[in-house]
Amino acid sequence: MPEMTLIDAVRMAMDEEMARDPNVFIVGEDVGVRGGVFRATVGLFDKYGPERVIDSPLAELSIVGVGIGAALYGMRPICEIQFADFIYPAFNQIVSEAAKMCYRSNGDWTVPMVIRAPYGGGIGGGLYHSQSVEAFFTHVPGLKVVIPSNPYDAKGLLKSAVRDPNPVMFFEPKKGYRLIRGEVPEGEYTVPIGPAQVTRAGADVSVFAYGMMHHYTLQAAEKLAAEGVDVEVVDLRTLYPVDRETILASVRKTGKALIVHEDNLTGGYGAEIAATIAEHAFQDLDAPVRRLAGPDVPGVPFSHPLQDWFMPNPDKIAAALRELAAF
Amino acid sequence: MEVTAELKRDMFWHMLLSRRLDERAWVLHRQGKIAFHISGIGQEAAQVGAAFALRRGEDWVTPYYRDLALMLCLGYTPRDFVLSLMGKREEPNSGGRQMPSHWSLRSANAVSHSAPVATQAPHAAGIGLAIKMRKEDKVVLTTIGEGSTSQGEWYEAVNWAAIHALPVIFLVENNQYAISVPTDKQMAVKSAADKACGLGLDGRMVDGTDVFAVYAVMSEVVAKARSGGGPSLIEARMYRITPHSSDDDDRSYRTREEVEENKKRDPILVARTQLLESGVLSARELEEMESRAKAMVDDAVAYAEKAPYPAVEEAAYPVYVEEVRRA
Amino acid sequence: MPEMTLIDAVRMAMDEEMARDPNVFIVGEDVGVRGGVFRATVGLFDKYGPERVIDSPLAELSIVGVGIGAALYGMRPICEIQFADFIYPAFNQIVSEAAKMCYRSNGDWTVPMVIRAPYGGGIGGGLYHSQSVEAFFTHVPGLKVVIPSNPYDAKGLLKSAVRDPNPVMFFEPKKGYRLIRGEVPEGEYTVPIGPAQVTRAGADVSVFAYGMMHHYTLQAAEKLAAEGVDVEVVDLRTLYPVDRETILASVRKTGKALIVHEDNLTGGYGAEIAATIAEHAFQDLDAPVRRLAGPDVPGVPFSHPLQDWFMPNPDKIAAALRELAAF
Amino acid sequence: MEVTAELKRDMFWHMLLSRRLDERAWVLHRQGKIAFHISGIGQEAAQVGAAFALRRGEDWVTPYYRDLALMLCLGYTPRDFVLSLMGKREEPNSGGRQMPSHWSLRSANAVSHSAPVATQAPHAAGIGLAIKMRKEDKVVLTTIGEGSTSQGEWYEAVNWAAIHALPVIFLVENNQYAISVPTDKQMAVKSAADKACGLGLDGRMVDGTDVFAVYAVMSEVVAKARSGGGPSLIEARMYRITPHSSDDDDRSYRTREEVEENKKRDPILVARTQLLESGVLSARELEEMESRAKAMVDDAVAYAEKAPYPAVEEAAYPVYVEEVRRA
């Protein structure tokens, strides 16, 4: 099985889906000859032409709005938002339109669409090239929200997203684009949207994470193993609708839960997981439900010492685990 | 594109039916039988003229809330309308989920409409893009109020259509008010049609109280769009004869004299006079039309009053396509 | 002390602040001669003129963006968003600009601005005139988020918001506009942004609520009192930054917590409160942390039986309290 | 508005200083001393011509990231710039919080700029509104790339300024690319200045490689705005001589020949030739300027390299105005 980077897996998924279904097309800024600013679409313009790999005007609202229109017509757009930080101009189209279309028309109109966006910090991007935006969308019924943490899942989940009849927000951990490598089979496979995955079984503490933070959590879990603490790691993968069963089963086993994300703490995605555990696994809990997240400042600052202060990392995760294990 | 007497009568019939139905809605509101109505009175000429220029049922439409007459031309029925006024289960927009006048008619390619103004414009561009990609000869009509052209959303949509020469007609129904705000507080140009020159497409003004004038202009631009000539922007100017909605009281922002003055160009009056004077319509035929309209409206009300509300459980779905249930 | 409605208190606050400070002005759709669609600004146009009560173009993005610009210059804009449902076009300006300005400029630039919007359901408004949007903003450091539940607080908090040097989101429970009445002193007073308020002391269960749901919660608490359950009710008032101390003190006393909001459950504001309790009052908890919220559908449906299904009300709150009390 | 020789030399000096500083940034990047640079090379004439038409320090500016030369005219120093390239504490934009070229200079009324393009345009309209409200005779200049005029945000801002005849100059620096996307994929008109006719304000094109031409046009429209004549929209056309940023590789989307051809209209060359040929500048004076620029740039780099990073704690504030600390 060939090893590849996360971004190569993303590209492979799009390539395969475009080859499979002529309705699939890509629209976004610089996705054409430039192949995307992160090179996620390199080669696809040459292969599928300007009609299926469309350089949009610099306007996210209409990237999504036009995508919705095409999806209503039966196409399968993949809309690329260049950085997740720039998704807000499209917020109205995503939340008011894509998310509500099926419900409001009692199923007559549907929006089979994927919105891809690189997210996350630690790459020197400052306030506006580092954001995690998942919490805004995991609150919106009608959307599905997916974040892969490794190349295998990235390919399999993105293929599922393209085939999904609903709007799917697909956020890619950009710090991991080239840093996270893994084996990816050549041929056809998909990873279903929905199930979380226990990526490391353990008995003492459960950690729930996704994207880059899942990658770091596995590293932290190794450290803890060396110290005699047996950590269970759950990669949430699909954030919305979330796989409650896997989460609750894990907490029922270990009695302790830590949620990790790089988005700022308050109102972040971890709040929902913590609340779910506090409500549905209360009697199994042996310790407070802990969240480790970015601090409550308006963004990841640029200067390196400040950025380091902001970002969760394996050491910070390990420290939180130690504390929880000792409770 | 010869306008036969029969065609003229047919257009007038749809205007008249819409008017009588719309008037009845106001009555139902006064009777306390419905909670809300937003009226198309005064805008029937623009809507019917536009609709008749389409291949109805084949071309696509993303309408806005005042488009009762337009929708009736596309196959929406008085029963459908009154059902939706009353929030009854059978109404085709949404099965009772949406407020009235939030149209959807899948069978007629009339896309589900929401309340946030201008969101339908990018959808039209996206549908136009899909039509072009599939090399079909359909067109898409999208309507909007003049106030709503202040939204960046509308600008982006028109820009897309202009850049890609998409088969989209942007019809602005300029009824001179956005709730209480007059046109000169929405734009510094004289007409929404003037906005076309800044966006690189054809812009035309037409008397929106004259159904045949609208039909003529619309037929031209539809033919142009259908043959690959690209989008057009039409402003049909008329007057909003009623308050903004049943929740509005327009006396705070415009005089009764102004309203009365403008009623002289009531499109029903204008068309009726034209048809009677040219002999296309006889007084008897008119009377027949009136009683046919009344009968249909009576029937619609009677039918809708007896029709059931949605069952409570129906509120829970379909959030996702997987949950769509057909009655 | 005169009794008045919640919306009268809102208007009084604006009136007094405009009289006090010539930098305060109002901008929004139909706020001028019309006095706002809910009549929150009636009389202010006549009193302060078109330069300080500005009918904006129909475009929320620029209502807020222009407000930010004026605030940067030293003005004190009060931006009215006609319905909270229509705030999304302005999301980018709120989240990327207003919220981050102080931090990103290390305090050189600040945005003293209030964004007012009526929110909430139960008024027959369907999907797009019923939304609760607070959870999107309580996740955004740099913003303050305030929701009053009664006329006294509405006036006092809004006056504080106008004087606050930061951007304040001020959401008003529109179902309570005329339904919730209370005493409001004539003269100068403010209610500080920050502290929650225990509006009913009790020993058995704590309920955390705000806006209309706080009003209903008090009613539910009365019912429970008759049944011998002593409910403590906390009106959160300032949702962000939240008053953790008051929340935790209450839970430490009662050992049981219910959070009520009408926004849909998942990722709603209640998640953060539940998570906070689960982390910081874990050892005082005698029961699972419960949330009662709107169901996870894309909006409040229009038809009455469906709307009733969606909305929390005193009976549903009482039922949840009974269950929790019996745990 | 006579353009003295001294004024001409002063303009040229700022262009030259900006160029040499900008070139050094590229060197620093190649040396691995900085992580990111986004260049203004090729745009100095437009920026300096615009800046000199203002009452610098008194008029207001909401700039965009390529405006190094503009900022230098306003009082930003080479040290400030290199400090910010290196994320050092003392840099005036943000104290190291923002990426470089995200300008802010409070003392010069140059407003803090963020990354999401076009957000600065509504701020300019709001500042213009405030100026008008206070009956002052200031103007506000806002700059933007041509690609970014595709954003609805920009349209709404210009619309506001046009409706209210605000003293705002919208300067579009059309460098013919938005990263990889050429102008004809952003707009269906020939020039961004053409957009003015659709919005009801004056639109002018000017050769953006000729600083004196820009100065002349800008002086006119600034005078007009200052005297209550309302806003103008200027397109200055030039060529982006460098890749989009240090992260970009422009070979995928444009030929070397095209770039070389366009370098013939390098604004530094154009101005130098003009000044030397007209005798306004002697070869010796030019040499002196060059060495002065080099010395200032050397000094800036030396200074910045020694300057401290922000202390880690500083990352935590100021989220709110209450937390602002002055060093």
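Lettered A, B, C and D in written order, each chain numbered from 1.
By our rule, contacts are C-beta pairs under 8 Å (C-beta built on N, C-alpha and C of every residue); 3 or more make two chains touch, one makes a residue touch a chain.
Small disclaimer: the values here were computed from a predicted structure and weren't measured.
Asker: Name the chain whose C-alpha centroid is farthest from the C-alpha centroid of chain D.
Answerer: Computed centres place B farthest from chain D.
Asker: Measuring centre to centre with CA averages, how many angstrom lie between chain B and chain C?
Answerer: 36
Asker: Using mean C-alpha positions as chain centres, tell me how far chain B is from chain D in Å, no decimals.
Answerer: That pair's centroid distance is 46 Å.
Asker: Quick one: report the Å distance separating chain A from chain C, using the average Cα coordinate of each chain.
Answerer: Each chain reduced to its C-alpha mean, chain A and chain C end up 30 Å apart.
Asker: Nearest whole angstrom, what separates the Cα centre of chain A from the Cα centre of chain B?
Answerer: Each chain's C-alpha centroid was found; their separation is 41 Å.
Asker: What are the residue numbers in chain A that touch two or more other chains?
Answerer: Correct list: 56-57, 59, 61-62, 85, 88-89, 92, 96, 100, 103-104, 127-128, 141-142, 296-299.
Asker: By the touch rule stated above, which residues of chain D touch at least two different other chains?
Answerer: 94, 97-98, 102, 114, 116, 150-153, 156, 159, 163, 185-187, 317, 319
Asker: Which category does the touching pattern between chains fall into here: line, ring, star, complete, or other?
Answerer: Shape of the chain contacts: complete, all pairs touching.
Asker: So in the complex, the part of chain B that touches chain D is made up of which residues?
Answerer: Against chain D, chain B makes touches at 150-156, 159, 162-163, 184-189, 194-201.
Asker: Within their complex, state which residues of chain C touch chain B.
Answerer: Residues in contact with chain B: 29-30, 32-35, 37, 55-59, 61-62, 85-86, 88-89, 124-129, 295-299, 301-306, 308-310.
Asker: Show which residues of chain A lie in contact with chain B when the two form their complex.
Answerer: Within the complex, chain A contacts chain B at residues 25, 51-52, 56-57, 59, 61-62, 64-75, 77, 92-93, 96-97, 100-110, 112, 141-142, 144, 165-166.
Asker: Going by the contact rule at the top, pick out the chain B residues touching chain A in the complex.
Answerer: 60, 62, 92-95, 97-98, 102, 104, 106, 111-112, 114, 116, 119, 121-131, 133, 152-153, 156-157, 159-160, 163, 317-326
Asker: Within the complex, which stretch of chain D touches chain A?
Answerer: 35-36, 87-89, 94, 96-99, 102, 114-117, 147-148, 150-153, 178-181, 185-187, 247-248, 252-253, 309-312, 314-317, 319
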